[in-house]
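You will see subunit A twice below: alongside subunit B first, and alongside subunit C after that.
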Partner chain A sequence: MIARLSLRSAAVGAALALSAALVAATGGSPAAALRALYQGSLADPTAWTATLLYVAPLLLVAAGACVSARSGMFNIGQEGQVLIGALAGAWVALRLAVGGPVLVVCVLVCAALAGGAWAGLSALMYRWRGVDVVVSTLLMTFVAQQVVAFAVTTPWLLQESRVGDAAVSAQSNRLPAGALLGSFGEYPGLAVNCGLVLAVVAAVLVAVALDRTRWGFRLTMLGRNEIAARHAGVRVARLGGAALAVSGGLAGLAGAVLLTSPVGANRLQPGMSVGVGWDGLLVALVARNRPLLALPVALLFGALRAGGGFLAATGVPPYLVDVVKALLVLAFVVVGRARDAGER
Partner chain B sequence: MTELLQLRGISKRFGPVVACDAVDLTVREGEVHGLLGENGAGKSTLMNVLLGLTQRDAGTIIHRGKTVHVGGPRNAIGLGFGMVHQQLSLVEPLTVWENVILGDRGRVDRAKACADVEAVAARYGLPVDPLSRVDRLSAGERQRVELIKCLRRDPSVLVLDEPTSLLTEAESAELFAVLRRVVRAERRAVILISHRLAEITAATDRVTVLRRGRVVHTGRTAETTPPELARWMVGREVAVEAEAAALGVLVAPAQAAATTTAAPVLRVRDLRVLVGGTPRLDGLSLDVAPGEILGLYGVEGNGQDVLGDVLAGLVTPDGGTVEVGGQPIDLTRPGALHLAGVGVVPEDRRTALVLDMTVAENLAMKAPMSAFPNRRRMRAAAGRLVEEYGIAVPSLDAPARALSGGNQQRLVLARELSAAPRVLVAAQPTQGLDVGAIGDVHRRFQRVADQGVGVLLISTALEEVLALASRVAVISSGRIAGILPAEEATGERLGLLVGGA
Partner chain C sequence: MLESVDTILSSGVRLTAPLAFAACGEYVAERAGTMNISVEAMMLSAAYGSVATASATGSATTGLLAGVLVGMVVGWVHGNLSHRLALNTFVVGLVLNALALGLTSYLITVSTLDSQRPSQASILLLLGIAPLTWWLVERSRWGLELRASGEDPRSAAVTGIRVDARRRQALLWCGALAGLGGAYLAVGEVGSFNQNMTAGRGYLVIAAVIFGAWRLGRTLLGCAVFGLADALRLALPALGVTLNSQVLVAAPYLLALLAMLSFRTSSRAPRALRQG
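After this line comes the complex of A and B, so read on.
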């Protein structure tokens, strides 16, 4: 245990040292970069607010990834499921004649259903034609990107309406106020968006479902030994498909949160998923597929995202944050793998 | 005829198991030499030594009068030893010519490779299209590809391990005709590993019989008879009257079923399973009465693994029915057999356990479970089973992986028996266990049978079958060749049934 901890801190330390070296190599000052990261993410309530806005979708995606990874149906297409969720949410918000708080609930539910259905397509492809789930979920992401791009450039779908002679962009109209998620607290104090509450609740529910229910028990059996699961009478195809759909549903929900919380422009835009699907997957990877462990990890990733915006002021290229993130993930994963290999 | 290959005093042990004990084997030029023996008799080990796949502990290999060193497979190929394994080792998505040149060095020359394949095919009468993909070929054609792969290297000694287990009658006949021609004309030799007596008598010039790692007989095939070979192979004392009864040995399953008094608790009728177009179960029928242990004996690869998979709910048969306690079971429903009261101890423990889950979880896996299982109750139940079945575990929360093979097997048994089954299907239940664990498993079987459970014991170990079973059914080529009461199950009669004679 202690050996593992020290190994892990050594690996993380190495990753950080390498990151510092990279900052120095690109002509920046590591200390200044670190200060900028801190100021952008954790220094004051405003920074915390920004960080937490990213934590919510990251945590939702990660919680879903935990479900699919546990069942052995490895879903890596969350980026696309996020987009499809946002698309469905935007359509409901802009086209459905519902008012008041019911609307935001409709948006969230439909986004989750759409994300789940998108992932469910991969489950069907696997069942009928034996298409590898990893491959199909990944490729479906690119399809999803095109679908969203199509939707926001097609007037009768979701492209923004022309006002006067202004040029229209490839984006939807702004969502009505009734479709947006509220926050607790206000600028300049700490504002906690309802999306975060939703994400934490989802992570806790997933943790309970995986470790305390028959469903989770069977899911674990399926993921660890499919034949033994069949021996025990588990309906393998159905359960695996359900796991994939749940993970897609949570990713779709993350899309709705991106759409309806103040993190973005409250419009459907082609690039609005901003890599949250990929990062959420990494959160689950670092958290070793444990949803509660994903909470602090999502916080770290959210902080890196929020702080990354402040890096530009120090002359360090902002994409360096992605490199740091990758190094950190590698450090965690390498240590995990080394330990597993040692046990074998 | 001159001696082409001599194995002298080959010994090999794996831990406490002596696989080959000073085995001598002489193969002459131009002959087909049969190597006969049960599973575990040492045939494969002996051949692996020859092929350089296993290093021997003692003994010498003499090839064309010279002592040779076989350090590894490349050595063996260089010396002209080739083998076609029972499990064909072809890469299915590749074409025939690609498979044939696999392992060659240097540039890949497609035209030359195809020409090579066609030349070898024409020379030996093994027609096959070098451009077709292996996964589109029938079992017989795949076998031909393996043969071509071997023959292209001009082997002086060719070893065939159960070459006909995947072939039809006509295909086997053709194969042996080709082999004879090749061997005679080109002064090569073939070592034919088989358990089929008819095949050995028909296709070989001389035969060596192995039992438990020792040579029990070697001589000209024409001077022996199938009953003699069966007796040597199985090695049981033969009853005085058995010699005379040998001819009327085939007992139809229907007849045997009539001798069972109680209504069968497990009734299998006309089970058919096709794997890749080849029938693995070919109209198999059997009955297990409550309180009896029915032994299903046969040489590996005759369909007993498929039967085990069907009864474990892993394979849906292409035809036939399974009834438990008179009720037909819908085999397409997952867990239907389990719910009907069929306990299964599969051949491979790893298919019954989730090794990364805890002992307690593994014990609870098949029990009825509420939507929110109570962990404490689960552990308590597991604790009781662990104690009752004497399973040595570091802790109830330890992964099943941490247990020894014997204790893993006890874990499976405990789980299956705690569900109070009406039928217990056990496949090779003592494979890989030490003596103590074997005795324990056997006592458990006897006890549940005494309690009225019908036990189907699928085993390739004759000793085990004879020690436990009240009736012995022999499986051969996917069907029941005959059923004998245990007291009439002499080695010779079983050997004849096993050999499909």
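After this line comes the complex of A and C, so read on.
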């Protein structure tokens, strides 16, 4: 246990040292960068608020990634599923004539269904023609990006309506206030958005479902050995497809949270997923597909995102956080592998 | 009308070239049994490396060579992580793509690189590289062992082929050519580097190899189709055609998916690829 921890901290240390060396080599001050990162992410309640806004979608995507990875149907198309979820959520929010909390629920449910359906297409292709799931989910991401781009540049779909002579951009109208997720607390202090509550609940539910139910047991068995699972009476195609749809659904939900929480512009925009789908996948990788472990990892990644915005003042490019993230993930997967090999 | 056809064709060729170089590499990696998604990382980091070198030395040729080297470094890292430490190749690819994007974005922000006059590096290089790749894979002993590693790694190992070594070598080849593709894009066509310059061209290359059903000729044909589609998209406004360009951007991915859905294509995939 201690050996594991020390190996992990050595890996994290190496990743951070490399990042610091990069900053120093390019004429920046690592200490100042670290201070800025801390101030933007964890120093005061306002910073925590910003961090937690990012944690929610990251955690949702990661929880979904845990489900699909456990079942052996490795889904890497979350970035696209997030966008499709946001697209469906925006359409419902702008077109459905209901008010109050019903609308919020409709937005969330439809986003989850759309994300699940998008991932479900890959499951269908796998079942029908044996198309590799990893490849099809990856390719579908780029199709999804164009679907959203099409929706926000097509007036009869979701492009914003023209006001007077003002030029219209490639984005949707602002969502009505009734469709937005509320927050506890108030702005200058700590405000916790409902999206975070949703994400934590989802992560706990996924953890329970994976580790404490028959469904989760079958899923894990399928992921470990498909042939054995088939012989044990698991309906492989149905269960694998369900796992993929659940992971897509959670990614779609993350899209709805991005859309309706104060983290974005509350509009459907082509770039609104801001890499949350890719990052959420990395969170699950670091957490080794354990939804509860994904919680602290998502907090770390959210803090890096929020802190990245504060780097500009120090003269260090905000892209530093992307380098740090990638190096951290690399360190964790390499250490995880070395550990597995050592135990064998 | 003829003039615009001419414009589209010539810009199509320029847009095809980087894809075609990288596809020659990706084809080899996939035939050896690695579904290599870090081809995006190879192209992007090579694009930066080539411009940085060209800017420092003032020579575009040195820049191209540096791009090849940078691509090989990425391929070497990928090979060692996934075929020595046995990490999942998709995990390695995702991380390398994220790292390359972050690192090049960071470096281009802190450094100022001279903009070069694009030196039209000869696309004729492809006329040498494509046949060489085909010969290596289909006719040489090394290629036979490579294909065996991709089709049936266990049997290959039993007959004494060093499967992991072959796959690492295939990734080096892939890195070199994907690096050449990225460098060609940066030094040969644009003359400078901008953030996320390859913008997903690596994924396009993967789509081309799938569309080509893991045969080199069809793969290159796929690259040409994708390049022309891109040229058409860029030319549409000038032609006065109003068509939503999204269909054209999404077309390569849809074509690749359709190709995989057709039964004959998927049965041609190297068998090791299907085991993930």
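The criterion applied here is as follows: the second predicted complex is superposed on the first by the 344 of 344 C-alpha atoms of A that agree within 3 Å, B and C clash if a C-alpha of one lies under 4 Å from a C-alpha of the other, contacts with A are read in each partner's own complex, and residues count from 1 in each chain.
In this text, a residue touches a chain if its C-beta (ideal position, glycine included) is under 8 Å from a C-beta of that chain, and two chains touch if they have at least 3 such contacts.
This one's a predicted model, so the numbers in the text were calculated from it and none came from an experiment.
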{"item": "First (subunit B), second (subunit C), both or neither touched by A:140", "value": "second"}
{"item": "First (subunit B), second (subunit C), both or neither touched by A:234", "value": "first"}
{"item": "Partner chain in contact with A:322 - subunit B first, subunit C second, else both or neither", "value": "second"}
{"item": "Partner chain in contact with A:213 - subunit B first, subunit C second, else both or neither", "value": "first"}
{"item": "Partner chain(s) touched by A:221 [first = subunit B, second = subunit C, both, neither]", "value": "first"}
{"item": "Most subunit A residues touched (candidates subunit B, subunit C)", "value": "C"}
{"item": "Touched partner set for A:108, first subunit B, second subunit C, both or neither", "value": "neither"}
{"item": "Doubly contacted residues of subunit A, that is, touched by subunit B and again by subunit C", "value": "none"}
{"item": "Parts of subunit A lying in touch with subunit C, wherever the complex brings them together", "value": "22, 26-28, 72, 74, 76, 125, 128-132, 134-136, 138-140, 142-143, 146-147, 149-150, 153-154, 278, 281-282, 285, 317, 319-323, 325-327, 329-330, 333-334, 337-338, 341"}
{"item": "Contact footprint of subunit A on subunit C as seen in their complex", "value": "35, 37, 81, 85-88, 90-92, 94-96, 98-99, 101-103, 105-107, 109-111, 200, 203, 206-207, 210, 244, 246-247, 249-250, 253-254, 256-257, 260-263, 266, 269, 273-274, 276"}
{"item": "Subunit B residues touching subunit A - in the complex, by the definition given at the top", "value": "312-314, 334-336, 338-339, 344, 346, 350-357, 361, 365-366, 369-373, 375"}
{"item": "Subunit A residues touching subunit B - in the complex, by the definition given at the top", "value": "212-215, 217, 220-221, 224-225, 227-236"}
